[in-house]
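Structures incoming, each one as structure tokens.
Paired with chain B in one complex and with chain C in the other, chain A is shared by the two complexes that follow.
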Partner chain A sequence: MIRVTKYVLAFALCLVALPSPASPNDVVVVVNIKNPTDQLTKSQVIGLFMGKYLAFPNGIKASTVDIDGKDNLKKRFYQQLVGMSLARVNSFWSRIKFTGRAKPPLKQPTEEAIVRFITLKKDAISYISRSKLNENLKVVFEFNE
Partner chain B sequence: MNKSGLLVRLAIVISFSALAVGFISAQLFYRLTYLNEVEVSNLEITQLYQTVSSTASIAAYLEDKELAREVINGLATNDVVHGARISIAKSDISTDIKHQNKPLVFNLNSPFEKDKKVGSLLIVPDLNYIESRATKIGEGNAKALIAQSIIVTAIVILISYFLITQPMVRIARALHSITPGTSKRLTTPDFHENSELGHLVRDVNNLLEKAENQFTEERKLRKEIEVLEKRFRMLFENSISPIVLMEPLGSILLHNKAFKVTLEKIGAKFRKNYGPLLEDLFENSDQLTKWEQNSFTNDEIATGEYKLNCKNKEDSVWVQVVVTSIKSDDMKEYYQITLHDISKRKKELESLSLRADYDQLTQLFNRQALEKKILNYIRSQAPFAIVLLDLDGFKQVNDVYGHDAGDEILIHVSGQIKRSVRRDDLTCRWGGDEFVLLLKHIQEKDLRELVDKLTTRIKKSHYLKGYDKNVSVGASMGAAFFPEDEVNLQNLVHLADQAMYAVKRQHDSNPELSLLFAKDIIKPSDSKTL
Partner chain C sequence: MKYILSLVLSCAAFPVLAESLWANNGIELSGFGTLGLVSTDSEFYGYRRDISQTKGAFEHELDFNSVSVFGLQLDANINNALDAVYQSVYRDQNDISVDSITSMAFLRYSPHVAWSVRLGRTPVDLFLLSEYRDIGFAYTWAQAPSEVYGMIPYRHLDGLDITYSIQFSDLTLRSKVYTGKSKADISAVDFTEEIKIDNIYGVSLTLEAMNWSVNARYTEVQVAQNTSLQKSLSQGISQIPDAIWPNSVSFANSISLLNRNIKYASISGRYDFGSWQLLSEFTHTKSESPVIPELLAGYASIIKQYKDHAFYLIAAFTDSDNFDISALNVNTQLLSFVPRGLELYHAVNQSMNFYASNQQTLSVGWRWDIKENLALKLQLDHTKVEEEGGTLWLNKNTTAIPNQLLTPKETINTLSTNLSFTF
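On to the complex of A and B.
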């Protein structure tokens, strides 16, 4: 048993040690290319998407955007960001919505709609697959670890 | 019920102990309950925290004061919670907190990043509530304890009563009614054959057994002693000799019947004390004391013969006194005095000495005794005269009327002699019909007068009753003086004898002559021829 644990541990260490090669399906957090913010920490991303922060660290108001419904990308994003299922994320919002202080992200029907929305809106921030990146967008956070 | 009886004491002691133990236990239980309640409250509060933790965390994360207030208000509605406060980075949201006793502080972490602290939740327990809850429980416990104590006490008392006190009281009563030495015994109480009480009963019975044996033995001994005492008493009381037990100073402790009889005999009244050695009863008590002292220096028994003091002086009671000094076990000295009546023997002895010195028929001195007296006189150089008297005509009376008549004449003559002499003069039957008078310090003239009187009396006729006859005798006398005539006994007597014969020789020629002096008949030549 101890031996098996050892191997498992060793394997896990290998995974951590070697940065996984970038995949086209990776979820990345993006903003308009003209947005002055270049880089965000995970906490900052969580703060923005979970209603704690209403603005970017530089004080510019931020508009978070979600894909509507139970999209697979959305599911992966929240799983990686806060380790929660979409149901739990929804329940979180429904719990705090009545105080009126925090507001959930705006909704866009598809990933393509999000890309368009960010291309048009300088203060927008959202998540897309790496493969959907274009020259109008810049990555401010990606799940490396 | 006896106030200091076992059961009452036991009940009191047990009740008080139960009360004390109950009180202390209640206190202890209350303390424990309180601590327990505090712990329970803390647990409850922790559970409350767990219930609200996610909401509280969210509130802290979002710094949502509304939500935070909701959380702490919700918490404050619980009985165990006095107040609550959520501290977020810049501000505190709190209910009304009056005291900060034993607050519980929980960290509030970000709901999305579990290791990131976003604030803290402080919950103050409501100590009053906890206390009142503990008191309630404690009261319940105390009531239960008191009930339990009462029940246990009652059971203990009952068990003690039936198992210990009652049997003991029965044993004690039974023992109380038993007189040692009788055949009565204690009975072992039920279920106590092997208990200490059973042992006690057995031991007591053994003791009673021993006591009975001892009593029987003692009774037997006492009976034996009684018999012995009766015999001793018999011996003592019936002893002919008076026996007295006294202290050395004379207090009489014991005396027998014979002693009283002797007292009556000598006319003395009974007293408790006649002085040491009964000296008041004796004639020569000085001698008695001296004798006793001498005897006791040599021996433990003193014997002597003493005359008792008689009221009637004519009686004479002589006793042999035997004094034994007795030392008792406790070193006290007693005298046992035994008196043997020796009066009879004394009288015999007296008469014996009378017989030795006196003529039995005439009660005059005999020749031997008078010779001794004469020798005494000569030794003391006292002048005296002796007169030798021989009867005339006595032989004829003896021959005609016999010895009894002769004896009668002799008694008659000696009576006349006794009547005629002076009080201090000594008279003697010298032998046969010869008599001698020993007259101290007498002049010739007085002597002659005395002899004349005597002669007249002797010559008077005497009536012989047995023969109805009057007879008469005469007397011839010769006298000699000491020291004028002679200084030697034999010679004196011889001289008187010669003078007397000279009278007899001249009898026929001179019938009136009855006395001649030695110096009248003795010629120097004659005396030489003698």
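On to the complex of A and C.
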């Protein structure tokens, strides 16, 4: 009985230790495949999407892109990135935008439009569901749940 | 009011217009606003947001204008390094003109992400919230503490600012230097005077991580003109013989504000821990003129976030020395024989104490984010005004009566609510 319990415990520990499989609904931060940036830290992504420092690590200005409105993807992205609701993100941005300090991310109506936009713009950065990835994009940041 | 209504009505067309313009010309239209109501329980102290306002809420009154704001902004991308911003704000200004409703109008040149130069009209950056005090959606409270912001009527800087930002590790350092000039109204119930300041030089430093920030600001300004009230007081005093008003000419000269420097300093910080936030600011104002006494002011606030609701407390204070007119040793008995002599004496007393503010406020409030761009706020302030310390309020008791306090001690409760939005 003790031996069986040991096996069960070991199996359970293995399950915990294994990384959870990527879900097609996961939010990933993407850039154009030709963008020299390969990876960003969470604080760099925060800097970009919260208007603190709008450039890639190589100093090139970044064009951040948001999905328009209150799309669920946008909610999940900001909740995971800064732990804030969209209202709090908007409140934060209104003090940057309406004081003329910086411009908020550009807006695209759908994930498909974001994919098209980034495919055309080398300095653009946005977030999409993993399932929307294609060969023209590369992931520079993903959330580790 | 008509202006607000017409702008609100025209808002309906903005999203379509803005999207079309943005798509075609790199131009974006957006806006913000606050529709508010405020009421107090004081018979003769009227609530106002800052000392530029001539109207406010007294006992048994509900005031809409003094706490309502509407703003429109136009952003235009010219090229990758150059853009232009225009913003117009209606906030019940004493006179409505293109100049008075223009809060921003600048060209920005940003050759590198770290550097930005803005030329034109930008928001004045004296204290932490100075730049966005009229944008209610941008902060949790229903009203920014008037102890700190009520004494500052200036909204814009006509000039130049240069910003340098750097990111290292998880920190961002933003530094800004600025220079230019500004103007604003200073008001009481029975008068409004325009004050012009120039030779403004300032620096602002912000060091921030995601869950904390510290900010320091220092600005020096020079008063560019005397008010007509100041001029007439000086003229009146200088004509009184020294036997009645000792050193009258010298005192008359000393109350001039022309070319006198005023220094503004602020230090502030924010710390977020879990669903709680602490926010505090201390400010110091000092001038070369006895008309503007040294003023210490500050606030500390704690905010608890729960889902779409934020609950908060604010403790705020102002502290300054009052001018003691009796120290001038004016012979008031003889002065009473001079035509309008006592009137002059009490007008001088009132003027010399105009900028002296002594009060403490405890506030409790609630913000509910109804939508991602719409918030309802409610705030109750309990204010203790010290004797001769009620400058931040509109005062109905303006009659100059010898030996009577113009701004007596008072305890005031103020209830304010508003809907803040962006679009």
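FYI, the second predicted complex is superposed on the first by the 126 of 145 C-alpha atoms of A that agree within 3 Å, B and C clash if a C-alpha of one lies under 4 Å from a C-alpha of the other, contacts with A are read in each partner's own complex, and residues count from 1 in each chain.
Throughout what follows, a contact is a pair of C-beta atoms (placed from the backbone, for glycine too) under 8 Å apart; a residue touches a chain by one contact, two chains touch by 3 or more.
For clarity, every value in this text was computed on a predicted model and none was experimentally measured.
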Based on the shared chain A superposition, would you classify chain B and chain C as clashing or fitting together?
clash
Go through the superposed model and pick first if A:Ser94 touches only chain B, second if only chain C, both, or neither.
second
With both structures superposed, pick whichever of chain B and chain C touches the larger number of chain A residues.
C
Go through the superposed model and pick first if A:Leu133 touches only chain B, second if only chain C, both, or neither.
neither
Which of chain B and chain C A:Ser85 touches, first, second, both or neither:
second
When the two structures are overlaid on chain A, which partner does A:Ala113 contact: first (chain B), second (chain C), both, or neither?
neither
Touching A:Gly59 in the superposition: chain B (first), chain C (second), both, neither?
second
Now for A:Lys103: first (chain B), second (chain C), both, or neither, which partner does it touch?
second
In the superposed arrangement, does A:Lys70 touch chain B (first), chain C (second), both or neither?
second
Check: chain A residues flagged as touching chain B and also chain C 43, 46, 50, 52, 82, 92, 95, 99, 101
Show me the residue ranges of chain A that touch chain B in the complex, using the header's touch definition.
42-43, 46, 50-52, 81-84, 92, 95-96, 99, 101-102
In the complex formed with chain A, which residues of chain B make contact?
55, 58, 61-64, 66-67, 110-113, 116
Per the touch rule, the chain A residues reaching chain C in their complex are 43-44, 46-47, 50, 52-55, 59, 61, 70, 82, 85-92, 94-95, 97-101, 103
Chain A touches which residues of chain C in the complex?
30, 32, 71, 73, 75, 80, 83, 85, 87, 104, 106, 108, 112-114, 118, 122-123, 131-132, 135, 137-140, 163, 165-167, 169-170, 172, 208, 210, 305, 307-308, 369, 371-373, 375, 422
